[in-house]
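In what comes next, chain A is part of two complexes: it sits with chain B in the first one and with chain C in the second one.
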Partner chain A sequence: MAVSTSDIASPAQPGAFTTSSSSSRSILTHSIPEDEEAFSGFDIYDSYRRILCDPQISAPLAAILSLTELVEQSDAGTMFELVKALNDGAEALKKRVHNPIGLNAGSELFIAFVTLFPHESASFSELRTELVRQGQTYATEALQFRPKIADLALDFIKDDSVILTHSYSRVVMQALLHAHQRKRISVYVTEARPRGLGIKTYESLTAAGIPCTVVLDSAVAYVMDQVDFVLVGSEAVVESGGLINAVGSNQMAIIAKAENKPFYALAESYKFHRLFPLSQYDLPTHTPGILSFTQPPLRPAPELVARPSVSPETQPVLKSSISASSAMAGLLPPAPVQRTMTAEQISRNPDVDYTRPDLISLVFSDVGILTPEGVSQYLVGMFAG
Partner chain B sequence: MAPESHSSGSQRAVETLAAKLRRRQVLGSRETALETVLVLRQVVSKARFTNIHQLVEIIRGVGRKLVEAQPKEHTVGNTVRKLLHHVREEYNNASKGTAASAANVFSISKFVLQGQPRKQVTAQKAESALVLREDDPDDPDSFARTLKPVLMEAIQVILDELETVYENISKSAKDHIHSDEIILTIGKSHTVETFLKSAAHYHNFTVIVAESGPSYGGHDMAQSLSSAGVSTFLVPDSSIYALMSRVNKVIIGAHAVLANGGMYAITGSLLAATAARAHSTPVVVCAGQFKLTPLWNLYHEYGALDFADPSSVLGFEEGDLVDKVDVVNPFYDYVRPDLVDVYITNDGDHPPPSIYRIIKESYDDEDNEL
Partner chain C sequence: MTKAERRELQERQRAAKATGKTAAPPPPVNAKPGASRPSQPPTPASPAPKRGSQARGTAPAGATTGKGAKDAKSVAEDAVVRSRGLRIFSHFALQRTVAHAKGDVHPAIVHLGLMFAEFKVSGANARCIATLSVFKQVIQDYTTPTHNTLTRHLNTHLSVQISHLVSARPMAVTMGSAIRQLKLEISGSDIDLPEQDAKDALCHKIDNYIRDRIIIADQVIQETATKKIHDGDVILTYARSSVVENVLLEAWEEGTRFSVYVVDSRPMLEGKRLLSVLVAASIPCTYLLLPALGSVITEISTVFVGAHSIHSNGAVYSRAGTALVAMMAKQHSVPVVVCCETYKFSEGVQLDSFTKNELAPNGDLFSSFPLTRPRGSLTLQNQTNLEILNPLYDLTPPSSITAVVTEVGVIPPDSISSIPLALGRQV
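What follows is the complex of A and B.
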């Protein structure tokens, strides 16, 4: 088995497998997930990435499908082993993805399903085949969710309405395009910096003949008065009934609330996630680095700290401050300033934010139209029932 | 099987009720609900069907006809939905073990649906000895014959619920109203009237009744309350805001309670609810469960509401004006869910966000559109 895995595993790995079992155990202790993958000859991350290439498949669904593949590949002989393999797989996936919220929702659903699956199969391999079949059936069914949600939302979109949406969301696009066939709608979409996905929405909607205008993220309050309601997609809907979505959704909801405009969220039911964030800082995507303060470079280092590594740095700082002051004095023509955030500055910013349930009017999902309270009851019923 | 093909007697009953609804001879949500149950009972008892789908289609056909006759009386549709829900429930109970097992395959989407709100399944009654034979070619009536007694029972349950609705809502009245409180109500609602009178057995309190022009139902309400020994003030609608600072609680009735927790209620209710919000006065709504309607008040426009005869606002004696102004006299206000604190129903007290759950429990989703 070690031979068969070594050519699949990444080039850094094979050494670990040619060594004796006693030495590989020391490796096992600090890199369990990768080891697990290598043993089964299957990299869940690769499979996840490959599935995600399909433009119709979102993160939770990709997680379910890649876990299904894991079940297919796994050589687990008991339920306990299988669930462990699934948990490890989900964990490995989570570690390698930058924003794991969506896929967490998917793996959570699939693992809970596997654990509760009432099996009457004669043999374990039969049960595994059955689970694989279930996963694939669900994925095909799940593709029907968006049209269903679009249909539910249609009743809430009246003729001639002006809709504000945020960034790009497949389910929102589907709802808007569906509504466009029956009613006249106009759409404001935020640019959604830094990824600028709002432009993608703008292009698709304009191509479909829907009047659309891109709005600066900072102009949401300006435009809100013109808007009939806000329609956003979601990364996940959590147990509090709140919403995790591309950053900027929270401020949009707050402004909508202040202007008494309905704020509707669209979410496929596989995005329901058992998580109870109380603030932005409880999200799994939050790291201490996000929005941390950097040391202002202009301030000279305190004299008491005599670290040798600091002193060379003060040189260029001084130079730049001199050139800045001379530019101010008009001695030099001011250099063209690039006033955009650097990649480093962007990386200190969050990708997603959390919107409190009291700001959300309704959540449209393939299982029906739910109030935020309804979502939390739903999640409890699903995982505790 | 088209609904036309069953006996002419029940057909006539349906037509009569439809005509009455259209002419507004039956008014009030409980009245229309009661009439609907009675007609449905007649229809079901006379109906000929050999399987569940035919039965459901017959009931739906009648429901459609009645709802079309008066789409603003939401309780008609609600009653039909409730009956359909009961029919399916009885059918599933009776046919358990024969047909149900095939549909009970566990899948991820089924797993997801476990979150769907549903009534706790009560312990199965031992009498599921019914043997249902659908589409039996030898004896086509067999299915109807076995199911009908059960259906009649189900209809009786709905009827009983409607008949006892006021008493059941009033059961908790003494816990909601305390001594020396000042209660504001508006117009005449039978539910609120019974509620207040029932509380009056236990506490001394004062009721301020807004007269609710131009129907002035408040006059009757005030008369009825004061003759029952409740200390009552009748005030014009325009003074609601001014009086609100002294009011402890606003108790009003509803015409229909919507899935989002909002409601349609007599004109003036929105005024009272908004004034109450400004003074942080609790707004309590008394409504029977038959008023819960699977609608979301889609457009928040008064066009969705119902309009009454404008002559009570501006009569034809004002001839010069009548030509020059448009007069609207809406029956109902739409009150947003955030303006209501609690709904007191015949099945407990619920905050507005839970209404949708009760609706999901009492009707089947497929019947939302009859």
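What follows is the complex of A and C.
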């Protein structure tokens, strides 16, 4: 933890951090287009990516930290200019990140904080350094949220519990590892196609000595009866009290509801996001390509196939190849057919889905254990005041 | 039973009613010997069940003796029961002709009262704005009587105006919260201010209220709600809400391409007005009446409705029929979005639409009926055994509402109460 915080707390000089980033993370900086950097001298996306490399930092926190760096770098002379620069920076980040939901939650929080920050400092530059300090302090404190949530969740994990979790989530891992120290637990984790992050969870849990089994994403309903409760992390918790998380969480919640199993979500409070999706398709990540139907490849017109005279020489070839393969199938074990989705097919699928609030039992966060209604009241109270 | 008998019975009941008021025993009017018993004044309390059981008991025996009498009796009971059944709605303020102005009522208020009573001005926002604008006039025309101060006296003067408006039509929640704010401003205004200055300051405050809480709020709601309309959506709306109308127009202007189903219902058919506006803006529209809702609900992407007021438990009090639309949409997992300014929030809780409601104007019940008889003969008014019930509002439970779009953001209906009340109370 100490290492990571010192890593985040960006050095005082702007020059220092660019050199350090280019030296330590040369691969990343290499991928950043040069013209972007020339444009403002400070590239927020660059700093966002660099901060995100820390395994402890999640997207909202990285957004907060990169905006803090933006405040440090900006030459804004007034509050108005600063807020505008922040909004522009958040917008720029949003455009370049594939799935901006988590990031939006962080930028929203930071911008709201900056706008509401009491102006007591004598000069504006003083105020700016104060804002930077506050941002960094928050990020340092935010790293303590996960242990706190793990502690809260512990009371809900009974000895000998069987837990179902989805994909990989840092806060869920922390909660499970923390619970393992006190109680006997066993965990089912979904594979979470296509990224297969469930395997990562499996590896970490088995390494810690927790009995763990990977189940197929399609086997969630099958396994649900064996499970005491479901524990998932989240990308963002939205204003309806619902949850945005890696795709598959929604079906898990629906099945859990159908089987009357509690569905718990773990979320740090910086993941609370003022967004109100009315449906699955009302999310900022939704791109038109998702779920679109492919035009099936045009089959040969039936008359061409029916008339053997058109291509007499190709047909025997086809027939022989078919017979040969069927004969082979009887004798030899068939060659492993790779039936996996192509990258193009995967791209038609969503990364995240939205879980309705009525499917969620409780949300564990560092501000307490909340019902979904409680989350929305917390958010309304924080932003609508 | 013959027609003559029925008419006779009605006459008798009418007579009984008339005499009942003067508390004199009713003389048997034109009584046939067999029908003497039902001609007793229909006292609504205890005799009804007794007579009922009696009638049932004698039914097989008296089959031959007095068929006509028995029929008349049951009809009488029927009428009693039915009229009693409807009488439970008597607390819905009935359509009243505006009582002649009592006390010092400003002519503009009298005019406004007539507009309200005839539904020439309707809709929560329109009524609130109209009331506030007229109040500005009232305040300007007001002179403080000698030995009194504006801060103390203007409120009583306004109360007279308000009670006149209420006698025309029950007060809208929006008007209530605006008036509460205005009275607060009046009692808080500086006692040493010259009269004209104080009046100008109050008018300025009224203008600000209209601007901040209604006009700007509507703009913010429109901005937020248009983001919830996407290309290719099918939007359903019920009756007419000024906010929803503006949301749809703005979304169309921004280039989103969608179509609208306007659901409407008798007797007010307010949706027609919305429809004409939307069609004029060349938005593809479909118009249907409430009974047809079930056949189209599966095609809908989002339901947008307005509100008269919203209670602190999240229940939406809106035009009668909204609850039906919302529940049907909920049943089919269609999101229901209510557009509502925060000044429409009411602190009370209402559990059903029966405790407090209004009656809608009757309208023309035969407007689309195939007219085989001359319309003049098709009157339903003034029949003793008939009461037409058109509640104006109903209550949508929070469970059938997905989201409420307000000027402070999109919020779930359960969280209404957590919006800081300071918002409505800023002085």
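The criterion applied here is as follows: the second predicted complex is superposed on the first by the 305 of 385 C-alpha atoms of A that agree within 3 Å, B and C clash if a C-alpha of one lies under 4 Å from a C-alpha of the other, contacts with A are read in each partner's own complex, and residues count from 1 in each chain.
In this text, a residue touches a chain if its C-beta (ideal position, glycine included) is under 8 Å from a C-beta of that chain, and two chains touch if they have at least 3 such contacts.
Keep in mind the model is a prediction, meaning the values are calculated, not measured.
J.: Under the superposition described at the top, does placing chain B and chain C together on chain A give a clash or a fit?
T.: fit
J.: Quick one: is A:380 in contact with chain B, with chain C, with both, or with neither? Answer first, second, both or neither.
T.: Both: A:380 reaches chain B and chain C.
J.: Determine, under the contact definition given at the top, whether A:53 touches first (chain B), second (chain C), both, or neither.
T.: The answer is neither, since A:53 touches no partner chain.
J.: Which partner reaches more residues of chain A, chain B or chain C?
T.: Touching more of chain A: B.
J.: Pick one for A:343: touches chain B only (first), chain C only (second), both, or neither.
T.: neither
J.: Which partner does A:122 contact after superposing on A: first (chain B), second (chain C), both, neither?
T.: The answer is neither, since A:122 touches no partner chain.
J.: May I ask you to decide whether A:113 touches chain B, chain C, both, or neither, giving the answer as first, second, both or neither?
T.: In the superposition, A:113 touches chain B alone.
J.: Contact-wise, after the overlay, does A:270 reach chain B, chain C, both or neither (first, second, both, neither)?
T.: The answer is first: A:270 touches chain B but not chain C.
J.: Contacts for A:370 in the overlay, against chain B (first) and chain C (second): which applies, first, second, both or neither?
T.: first
J.: Mind working out whether A:207 is in touch with chain B, chain C, both or neither, as first, second, both or neither?
T.: A:207 contacts neither chain B nor chain C.
J.: Touch test for A:138: chain B only (first), chain C only (second), both, or neither?
T.: It touches chain B, and chain C stays clear.
J.: For the combined overlay, can you note the least CA distance between chain B and chain C, rounded to whole Å?
T.: When the complexes share the chain A frame, the smallest chain B-chain C C-alpha distance is 8 Å.
J.: What is the shared patch of chain A, the residues that chain B and chain C both contact?
T.: In chain A, positions 373, 377, 380-381, 385 sit in both the chain B and chain C interfaces.
J.: If we count contacts the way the header does, which residues on chain A are in touch with chain C in the complex?
T.: Against chain C, chain A makes touches at 239-241, 274, 276, 278-279, 281-282, 357, 373, 376-377, 380-381, 383-385.
J.: So in the complex, the part of chain A that touches chain B is made up of which residues?
T.: 64, 109-110, 112-113, 116-118, 134-135, 137-138, 141, 155-156, 158, 269-270, 272, 361-362, 367-374, 377-382, 385
J.: Using the touch definition up top, name the residues of chain C that touch chain A in the complex.
T.: Touch residues, chain C against chain A: 228, 230, 301-302, 335, 337, 402-403, 408-412, 414-415, 418-420, 422.
J.: For the complex, which residues does chain B have touching chain A?
T.: Touching chain A: residues 106-109, 111-117, 259-261, 296, 298-299, 353-354, 356-357, 360, 365 of chain B.
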